[in-house]
């Protein structure tokens, strides 16, 4: 037996799903089993990785034995760990859900794609090489597009196409920035770049290009145009992973680049990001409130919630690491809550055969677990205590008020109120009787519980912050010392 | 000497302008078929540019993949579009002056940035030169692709697999056209296919020391298969099921297996120097096979099935 | 004006042209072509600037990156084209539709 | 861990755990559900009794759980919190009995009782909160847990009421959140401390603190139904009677009032609040609310709405007592927390009985109802006299202390407000009594149900009779030890040490 501290958990997080994807691809009959087992193993691996990080600190692995700048470096700190854990938590629920959701023909495509997507996400969160990140981004994007279109249908195909064009545009713009940085500093390694970077036109251009590309993928207002169509039209588990994980993946890269390379460049950029975030909160929430279809409502809610992540940028210079802790926490709780909401919305859609909000027709008693999941996740989205969303918003609001950014604070509060308005609009209709009652479809238990467990987790996050922050501090991802 | 430099500069200038002009033409062409043809020409011109920039490996890849296969993919897709779609009028462009201005400013800004870069930058040439000996190959590009940054390539093969999965899930099988294949094409195929296979083998073998390698070889091999498909050879009926899938994953699987084995040893994808050459060759052979079959399958556009398999 | 600068400027030009076409054209095939032209622009920039070495041989790392990029692009293009055909079947034309099914 | 840590947790758990289990119960498991409900309520009362005894003897109960670095969830039992905890746990037991009777045979009872237990958990939690963030957490939980109860009937009217309720309470919660965070950035602590924790704060922050005070009162005033933030309360009356009785007469509005007490006493401190000059305006708001609520009640024909406006008016007495900022008025205000609870819940139970047994919803339908349902109307009568402030019912005690307190602080004009309010109370309540006892029934009852020889089901009858007797008892025996009055005096000593 190899002692578990010597097991290379980090690399396994990438290799395991890759190998499993190949297996599923070659022998589709084994797909479901392979998928489920791999997901469990990945959970174990993230646990092992966390344990390793806690014992040994920063994870660095020179792939191929070639040190940077020649080789590619894997890099894992507290922030990577958080993202990996988020992926695994959401992934477990999606795996549980998808087991019953897809028919045999769809499953044959779903499982290898899903495993490849997991591998790509894990690779993304563990990479410190901006060109390698480009490849992982493309993997993530293409896998997502294929998944959105998996069940066909006009809306989904249109959504997938729009998403594909946006994601390709984003990647290429990002790559152009990578090219400039490489030719300026002779490396694509983030750690080395951080040492070599100075204030030159190249850095500004790279910030503009990479930033624009990543923000397009993150769907920050006004680059969100592709998101509602894609997120709302995809099959439910895919919607969940798009909103929960994919926008976070590109945000994660943006955050990394910002922290390491671009933060010194300027408060003005940060202020601009903050303002865009604020507009995103208001616009997204308002649009969500106006929707008559459940999945579109949830999708617009994602546009709004992404805004919260960016509101933090102008506050960061003065607030320090604790604010980024808050942002990370918000990311995590949004991931869990939003995945829960999409899964629940998927159940409601399947149950009634439609997702018209005004005709939810007593879903509270007819489909109580899913409705409860939706409402509980909604609590976290609103930022009402006790929930993960509350912790994140508390830290953001605290920083905004402390530094006198009253406008941002007001927007955050108004966003919370609008969120409660659109969520309770749904819940309200779920209590009342509507005229047309089509024959309900039965929903497998696994699909209901997948949603509820995620929602409960997003609430429980309200009580785990000190513990999570301690893990986040590993490797000091936000500078300024561990909290 | 002076004159030669001047001539070359003139050539570069013309080539650059030609690329821009072709790009404009192909993007603004009213007729989509013409646009696709122009795109192929654009790809070939790009290959020329790669040669001018001392990037023969890229030139080969561009010619085979960028121009050749992409062109074939575009043609095939165009054929599947409803016919009235093929020469749509262009969008009304009067309102786009603001966008044009913005893009012009962006381009100017980027141009300024590029101009501000130092005349000479070492990049990673020195590191590559120092480590080439222990990489197992002599072609620096191959060394980067399969050794120094082999991890990128591993993921890249996965991208191909992903795309194929997507195409298989979306593509709709069409009844093969019953139009008889002309004798010219048949002859051409009969002549070209063995030649392409030979070229592929050469590229694969030469990749270790000279321009070439798995991607180029795979693309050329794929081109051969595409030709056979065009000539009406029922490849999709011959190669199906597990056998096909095994060929498709040969490259990625070898890569992942190697990654796993090296990880057991110590480090992800760290080859023992004495075996590096052989391992890379093994990887390249497997990758060539997978790339070729994958690209050809992408061209085919749907999942080939045996008669037994359900639809 | 040296070769590296010339070709990288051409690269930027291609990128911008592609971006313009991607935004203004509605037909999906044109959008896909535009993406390909943009990609070529980025690749050209990467390789052109790799020429600026003191040694006669250019920097090989960008070359490898571009080969990777070309393969990624062809994969994406294949997927995009397949998707386009499906979208065209649903919408009865190869353009994106804003209307939802209901 | 010892008793002092376990008891507060157990008090919370004694309603939380049954609640969660009840959610999962199938609709038909009536016996198990009833057992769980009653056992939880009885257990909670026993635990609270133990804590009362302990606190009286100087025992310290406290639990802490870190929420954020430097910010903790704190549950602490002090004399003030126990006042509210005791009130809610006693009334929970009574109301549970009532609700079991009221909802017999109706659908979705598991859901109802689950949320009902959550509401009580939230109420007890905010009573035990040891700092503002803990208070906020339970305050919001209360909002969320009440919503499904308002929506319980699932009609279009209840959806509308729920929407209005949320508009008010979520906005109030948001104001509270902003105020609390702002306060935290200024003071670095949120821990409730006798006489406040803001005393030593830099004078330059005083304007900010005034705004914070306003925000806090606005946030709490929504639930306490201070005018003009009271609009949700009459609308929420679409809920089933037990909900109106316990939550809208007691738990929710009292949560707001209790919060105001905490903010004035344990955050700002009476002296500091007076120094800032914020208590004066609060007195005025309370006075306006008292008069306005009574005036509106006068014109309601719907019985529950009339009671709701009466609640608006009565709960403002508590705020008034606090805002007067003198020890005697404080006793009056705080003791009214208990007294009003007992009296108003009686009235709501009675209204529920009338609706459930005879289908009576309107005041104009109540002619002669006293003869048909004498016990119910007797309880109702006790409640009414309490509300008017007639001795010896409990309400008299509260008003007496409030009046004396106003005089003590040279606010004599408030006597006029109190007198006006009493007159108005009489004006809108006495005609009901007259009609009920002395008029002939004008026809058959709208929807009569037969419960055998009794006037109504015993589970519906017992609770109002018990609470009416309690309201009488705490008034008659006000000066005995361990009455609410005695306990409140014990609380007030702490705040007004010389």
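Structure notes:
Each chain gets a letter, A, B, C and D, in the order it is written, and its residues are counted from 1.
We adopt the following convention: a residue touches a chain if its C-beta (ideal position, glycine included) is under 8 Å from a C-beta of that chain, and two chains touch if they have at least 3 such contacts.
All values derive from a computational prediction rather than experimental measurement.
In this structure, the chain pairs A-D and A-B differ in their number of contacting C-beta pairs, and the larger number is found at A-B.
Centres computed as Cα averages put chain C at a distance of 67 Å from chain D. Per-chain Cα centroids separate chain A from chain D by 43 Å.
In whole angstrom, the spacing between the mean C-alpha positions of chain A and chain B is 31. Centroids built from CA atoms put chain D at 74 Å from chain B.
Looking at chain C, one finds that residues 15, 19, 45, 49-50, 52, 61-62, 65, 68, 72, 75-76, 79, 83-84, 86 touch two or more other chains.
Within chain A, the positions touching two or more other chains are listed as 131, 135, 138, 142, 145-146, 149, 152, 176, 180, 182-183. Listed for chain B are residues 110, 114, 117, 121-124, 128, 148-149, 152, 156, 159, 162-163, 166, 170, each touching two or more other chains. Checking each pair of chains for touch leaves A-B, A-C, A-D, B-C. Residues of chain A touching chain B in their complex: 8, 11-12, 15, 18-19, 21-22, 25-27, 61-66, 69-72, 74, 106, 109, 112-113, 116, 119-120, 123, 131-132, 135-136, 138-139, 142-143, 145-146, 149-150, 152, 176, 180, 182-184, 186-187, 200-202, 204-205.
Chain B makes touch with chain A in their complex at residues 109-110, 112-114, 116-117, 121-124, 127-128, 131, 147-152, 154-156, 158-159, 161-163, 165-166, 168-170, 242, 245-246, 248-249, 252-253, 256-257, 259-260, 263, 266-271.
Interface residues of chain C, counted against chain A in their complex, comprise 15, 19, 22, 28, 31, 35, 38-39, 41-42, 45-46, 49-50, 52, 61-62, 65, 68-69, 72, 75-76, 79-80, 83-84, 86-87, 90-91, 96-97, 100-102. Remark: chain A residues 322, 362, 364-365, 368, 379, 382, 384-386, 391, 394-395, 397-398, 401-402, 409, 413, 416-417, 420-421, 424, 427-429, 431-433, 462-463, 465-466, 469, 483 touch chain D in the complex. Those residues of chain D that touch chain A in the complex are listed here as 65-69, 73, 107-108, 111, 133, 136-137, 140-141, 143-144, 147-148, 151, 154-156, 158-159, 162-163, 166-167, 170-171, 173-174, 177-178, 181-182, 184-185.
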